[in-house]
Structure formats: C-alpha cells, structure tokens
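Lettered A, B and C in written order, each chain numbered from 1.
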Amino acid sequence: MSFFRINNLKKSFYDLQALAGVSFEVKEGEILGLIGPNGSGKTTLFNCVTGMLKVSGGEVFFRSREVTNYKPHSLYKLGVGRTFQLVQLFPEMTVMENMLMAIQESQGSIWTRLFSIGEEENRRKALELLEFLDILHLKDQIAENLSYGQQKLLDLGMVLMSDPELVLLDEPLAGVNPSLANNILKRISELNGRDKTFLIIEHNMEAVMDIASRIVVLDHGEKIAQGRPERIQEDELVLEAYFGG
Amino acid sequence: MFQLILSGLAIGAVYGLVAMGFSLLWQTSQTINFAQGDFLTVSAVLIVILVGSGLPFPLALLLVLGAVALVLGYIYKRSVIQPLIEKDPHSIIVATIALSFLLRNSVSTFWSTQTHRFPITLGEGTYRLGTVALSKHHLFTVLIAVALIGGLQLFIKKTKTGKAMRAVAQNREAAEILGIDIQLVTTIVFVINGLLVAFASILVAPTYMVSFSMGTTVAHKAFYSAIIGGFNQLHGALLGGFIVGIVESFTAAYVSTQYKELFVLILLIATILIKKQGILGTEEY
Amino acid sequence: MQLPASNKKYILSAVLYVAAVISVPFFVGFSPYYLYLSTLVVIYIISVMGLNITLGYAGQITLGHAAFMGIGAYTVSILTLRGWSFWPAFLLAGLISLLLGAIIGLPAIRVKDHYLAFVTLGFGSIIFLFMTNEEELTGGFRGLYGIERPQIFSLSLSSDRAFYFFVASFLLILTAAGLWLLNSKWGRAFKAIRENEKRAEMVGVNLLAYKVAAFAIGSLYAGLSGGLLALLMRFIEPTSFPVTESFWLLIMLVVGGRGRFEGAFIGPLVVMVLPELLRGTEGLYFVLFSLISLFILIFWPSGLAGLLETLFEKVFDREMPGLTK
C-alpha cells in the first residue's frame, strides 16, 4: 500500500496545460523534494492535490484511499497539512489564536464547538510547538506584526498543530535568511525523525539536495526525472531544463 | 410590439451606457461604484440649475461635462478610491455607498426635494413606419447611445490610451512592468465613466424627470445589466443593458408595472449563481 | 481571546453595555418622545448587532439586512392582526428570519464581496417589491396598522415605559447570546473566515456551515428587531424597509465600528441621537453623516469603538478589558 500517490495528474486552464500527466509516489517517512524551473507546475500540483483546484484528469491517493478533488478541509482532517508560498496567516489574530485556530476545526463537531469551553490541551500543545520553533515569546503578538521569518515559523507551527502525517511545504525557505533557513531545515529533520512525511517544493538547491531522500523534477507540467539527489544533480534533462537549450 | 422593443432598447441603451462605465471601472481598478446613480442625478440637476439660471443648453452641457470629468472623475478617484483600494474590498463598497448618500442628500437638502422637468427633449412625437408609430425620443436615444458607444469602442481600439486601458484591464502587473502608468490610466477611466454617466443622464432625464433620486433606479438596473451581461467585458455590459431594458419593457406591458423589476432581479440572482461572470463574461482569477 | 468559561470579564462588559444604553431615558427623561426614541435606538442596536455578526465578524457583506427587519415586522403584524398571540408570532418571525437568512447565506459559498453584495441587494429588493405589492397579505403601500402590544405575564405593554423595558430585556438576552457566540470557537472561526478564507479552509473550516450560520444568526437578530419595531410603532409600511435602510444599517455599523462588539451599540446611538442634538439641521445631518462615514472608512476603519479603545489605552496605559473582537 502506497502512502501518497499521484497518478497521471492533469490540469489545464483553458488552453494552457499546467500539468500534463504527472505520476509519482511519496513513501512513508521520507522527505521528497519537488523541484523544477519557475512555471513548471509545482504549486499547481500542490493546489490540485489539496483540493484548491479541480483536476482536469488523473487521481490522487492517500493511503490507498482515493482523495482526488477532496475539499481542503476534508484532506486536512485526513491528516494532510500544507503551507503556502506566500505566508498565509490570520493577520489580526494573535500568534496563540492562530495556533488554536489551526486545530479547533479538527476536533468535535460544529455543535460542540459552539458549546464546548475547554481548550487547555490545545493551548498546551500550541505552547510546546511555539517553543520548538523558538517563537514562544511572541505568543500574544498580533500575527501581522511579526517579521517575515517569524511568520514563516508560525505558518509551520500551524500546520503542525493537527499532527498531520503528510506535510506539504511550498517553498518553506523562500525569502528567509541563511541562519533561519538552517533552523527550519533542522526542525524539518527532527519532525521527520518523529515519523512525519514531507513533500517539499523548494528552489534552494543546496538545501533540498541536502535534506531530501529523493527528488522529483518537473518541467512544463511533466515529470522529467526522479531519484536520489546525487543522481538528479547530474541528470542531463534536469540541467537542460534549468540552464538552457 | 415594435414600440415595446424600441422602448426597451432605448432604456436598455441608457442602462448599457452606465453599465459600460461600471464595467470599465471594474476592469481597470476592481472597484464598484455604488454612487453611480447619484453621479447621474447630479449631472442632470446641474444642467437644470445652469439652464434655469439662463445659460443656453449647449453651454450648460459643456460646463457640466467638464465639472463631472474633474470632480466625479479626477477628484473622486484621488481622494476616495486611491486611499481605499489597498484596504479590504468592503471598504470601497461601503465608502461608495456613503458617497451615494452624501450626494443624494446634498441634492435634496441644498437644491430641492421636488421633481423638475428637464429643459430639453430629444424629439417630440413619433415617426410612422407603416402601421407602427415609433417614438422619436426613443429612436434618438438609441442612436445617440450607439454613437457614444461606438466612439468609446474606437477610442479603446485605436488610441494609445485605449490600448493602455486594455492592458491594465487584462493584467495589471504586466502593464506596470511594461511602463504603463496605472494611476493615470485609472484616473482616465474614472473620467470616462463620469462622462458616460453624464450623457446617460441627458438621455434619461426627459422621460424620468429630474429629482434627487432619479439616478438611483437607473444605476441599480445598470448594475444588474452589467452582471447579467458580463461584468468584465464591455460588450457584456451593453448586452446586459439591452436585455434588462427589453425584459422590463415586456414585463411592464404583459405582467404588471410594479413587478417589472421582479424578473430582472430573478435573472440577476440566477446569473450570479449559475455563471457569475455573466453571459459574455470571462473567468476571473 | 479566552473562551466563555474562562473569561468572566466579558459578562461584565455585557452588563455594562446594556446598562449604559438602558440608562439613557433616565437622563433625558421619560417623555413620550424620548421614550419612543430610546426604544427605537435599542431596536436598532439589536439589528446592527446582527449585522455585526454577519459583516463585522464573519466578513460577509450583506446589503439586504433591512429586508429581514421587514420580514420580522410583517410576520408579527400579520399574525397578531389575525388573532395569534404574541409569543408564537414572535417566535415564528424569528424562525422565518433564521431560515431565510440561511438561504441567503448559500450564495455566499459561491460568491464573495461585490457579487455577494449584489445578490443580497437583489434579495432585499425582491422582499421590498413583495411588501409593496401583495396588497392582500401586506396591505401594500398603506401597510398594516392597529397592531396591539401584547400582555406579558399579565402586564400590559401598552404603556410606552413598560414596552421600553420589555425591549431592553430583549437587548440584554441577545447581547449575552451574542457575546457567548463571538467568544466561542464559532466566533474564532468567523474571524478566520473574515481574515483569510483560503487559510481557514486549509485549516479545516467548513465554509458552507459557518457562512450560512453567520447569515442566519444575523438575520435572526434583524427579524426579531423588526418584530419589536412593529409593536413599537403599532403600524408598519414598506417605506420603513427599502434598500436604503440597509445602507443606513451599514453606515451605523461602520461608524460604530465593525468587528467590535461595542460598535453595534455606539453606531445606532450616535447616528440616531445626534440629530436630536443638532436640531434644525435636518437634511444637513444626512450630509454630515455620510461625510463622517467616509472619513472613518478612509482614516479610521475601526470606527468610534476603535477610537474609544485607543483613547482608553492612551489614558490608562493598558488595553481595555473585557473586549470581544
């Protein structure tokens, strides 16, 4: 039984074909890097797979259950979490509220949420995660007042609140200074050690080659290569896609 | 029957003019101007005032067009729209609503709460085509409206400014990168909108009479027209105008005058729920 | 923001808000005119509170709020004139508003912002058309009159003073309910939808359920306030509920402060009481208010409530306690 599988995924916008039949698998417990030049369809793939866009063809499987076109919040409840390229937070809420918001909908039913009162456990978990990410001191700050790097960490924290098994990160290191980037990579490693599977889109080659166990390369909506980082770095097709023709 | 169609087309043309202004604003700046109707009212009222104080109509018209271009175009854009465009979309909606109130109540407070006649008409009586009598006024309305629309289309297609407008409407960022001054283009569009609305007011004032609320119904119908026909395409806005005009005309004749809005409203809600971009509209991302 | 059981402070705020409002007649006197005005203000506070839930907290624009006041008013009027006793009529008015509000909320799933504004506008217009034209049911343009105030627990409400306190007690109950709602996880979900719908979805928020709820609850408040309005005036006519009325409610909320609970109190108070102080300015007052709202929108979006909060912080050097926002 595969953990996460994409089969012949297609997506077109009118006459523009963003994804032309992409297939690959994510193995449980691995960190898979998804790379490719700009416009190759990586974020579109994320959007399709998380239900933000309707697919034009193909299927998505999570633990042998077909989840093609599942709505985002259903996938969320099944254990798939995702961050966005441009950090997406709840700007006017505090950091703590953002964290609590990230988990409240996966517990109980809509009616218990109207009447239930306790969230001590969630609070404790949030504090733990915030500490893990080194932003505990910001817990009562309004989210939009945080620096970009801090917001990225909060974003990551929010994704982790619901304890997802599969975490999709869309350019977690974009626009982040090297020491913070290292920080984030360390955390990802640690979490991976705690049995979280990661699918990461990244442009930072050094970082992704370093941390990923396998790489998938997209170009113009097609998978042109996949395999271990060392192999990919020498693959001709990949080099051509990035550097020229 | 023909009269119904002609009168439908005539009022539809007016709706179309206003709807096109609406659509232009939306395409270039993603704003909805809830005060559109009051722009119309103010234009008509100003003409009534100027003519009433002795100015000949053509001069009054020119002055009003100039005033509208300046105040309802330029000043409006710079002082209200620009600061709010960065904030949440609701702010613009509420702001234009507040502006609408402001204008409306200014007219009723500082001018008059009564209905007045418009100083000119577009032609009295009818033309006879065999057994059919077609109202001159309606005919001229349609002709003038078509001329204006044609002029606008030419402007957009042929002039550099027009091309810049189209570029901004299609892709704001790309246009900026290409060196187009977005703010200037937007201001021009607001000015054009003001002028379109001013012309529409002249076409509609003779039949509707001039009062502080005359523009509101027209504008509402124009909103609906733009939505039904297609917000983000000029042709759509125009088509919508004609559709609404004709539906109204026939409903008033065959069902009841009070409920003539009803079918339009149903059409509106149906459009938004079935294809929210309208008949000729295209997808927005 | 703490949850109900752990934050007693907001209960105190609830009592304070309501007490502040209720005490007004004690200052301006219980003359029939002022009593009428005070009751009217309380009724509008209830309505705007509902609008605040839908628009201020959940971020869903609605230009048809007044239509629901109309629905509530007409339901109560029609039923009581046909012999129904008050409570069933009132409850039915609430129920109808709730259900219709939920229905109006459905398009909110497909469309947002401007398009949603138009749908709600269209809906409000349809209701208004209905009210004006269905002569047999609604009395058409003339409206309905001769509505009687009920007896509550063998206390007659025909006295204006008694009715005022009756309405005020509704305010108390609905304020408490509103505070509970907005401080619960639903309140947080509403805000999440308002602030970042995409992310809210990704985080598990069922947009359909919550948006429908926001509309339904807001409309419920409006419907109930409409029912009370009918009893206050003892007659109703369609001109009390045109689309412009929805715009006024919007302006009241904006001036008061959307997304701030006190906003629903401050807005109606200021908008309706100020003209009393500016007697004789009539139409000028409308002009003034439009200008003020524009000003607030451009320069001070958190409204008068936000202004109050900021002033408090400047003066007392800490955040105003017990806020719900």
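The working rule: contacts are C-beta pairs under 8 Å (C-beta built on N, C-alpha and C of every residue); 3 or more make two chains touch, one makes a residue touch a chain.
Computed from a prediction, not measured in an experiment: that's the story for all the values here.
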(message) What are the mutual neighbours of subunit B and subunit C in this structure?
(response) none
(request) Identify the chain whose mean C-alpha position lies nearest to the mean of all protein C-alpha atoms shown. (result) C
(request) Could you grab the centroid distance between subunit B and subunit C? Build each centroid from C-alpha atoms only and quote it in angstrom. (result) 33
(request) Determine the centre-to-centre distance between subunit A and subunit C, using the mean Cα coordinates as centres, and give it in whole Å. (result) 42
(request) State, to the nearest whole Å, the distance from the C-alpha centre of subunit A to the C-alpha centre of subunit B. (result) 47
(request) Give every residue of subunit B touching subunit C within the complex, in rising order. (result) 32, 80, 83-84, 87, 89-91, 93-95, 97-102, 105-106, 108-110, 220, 223-224, 227, 256, 258-259, 261-262, 265-266, 268-269, 272-273, 276
(request) Using the touch definition up top, name the residues of subunit A that touch subunit C in the complex. (result) 50, 52, 71-73, 76-77, 82, 84, 88-94, 97, 100-102, 104-106, 110, 113-119, 158, 162
(request) Write out the stretch or stretches of subunit C touching subunit A in their complex. (result) 1, 3-6, 181, 184-186, 188-189, 191-192, 195-196, 198-207, 209-210
(request) Flag every residue of subunit C that touches subunit B in the complex, lowest number first. (result) 55, 59, 61, 107, 110-111, 113-115, 117-119, 121-123, 125-126, 129, 132-133, 247, 250-251, 254, 282-284, 286-287, 289-291, 293-294, 297-298, 301
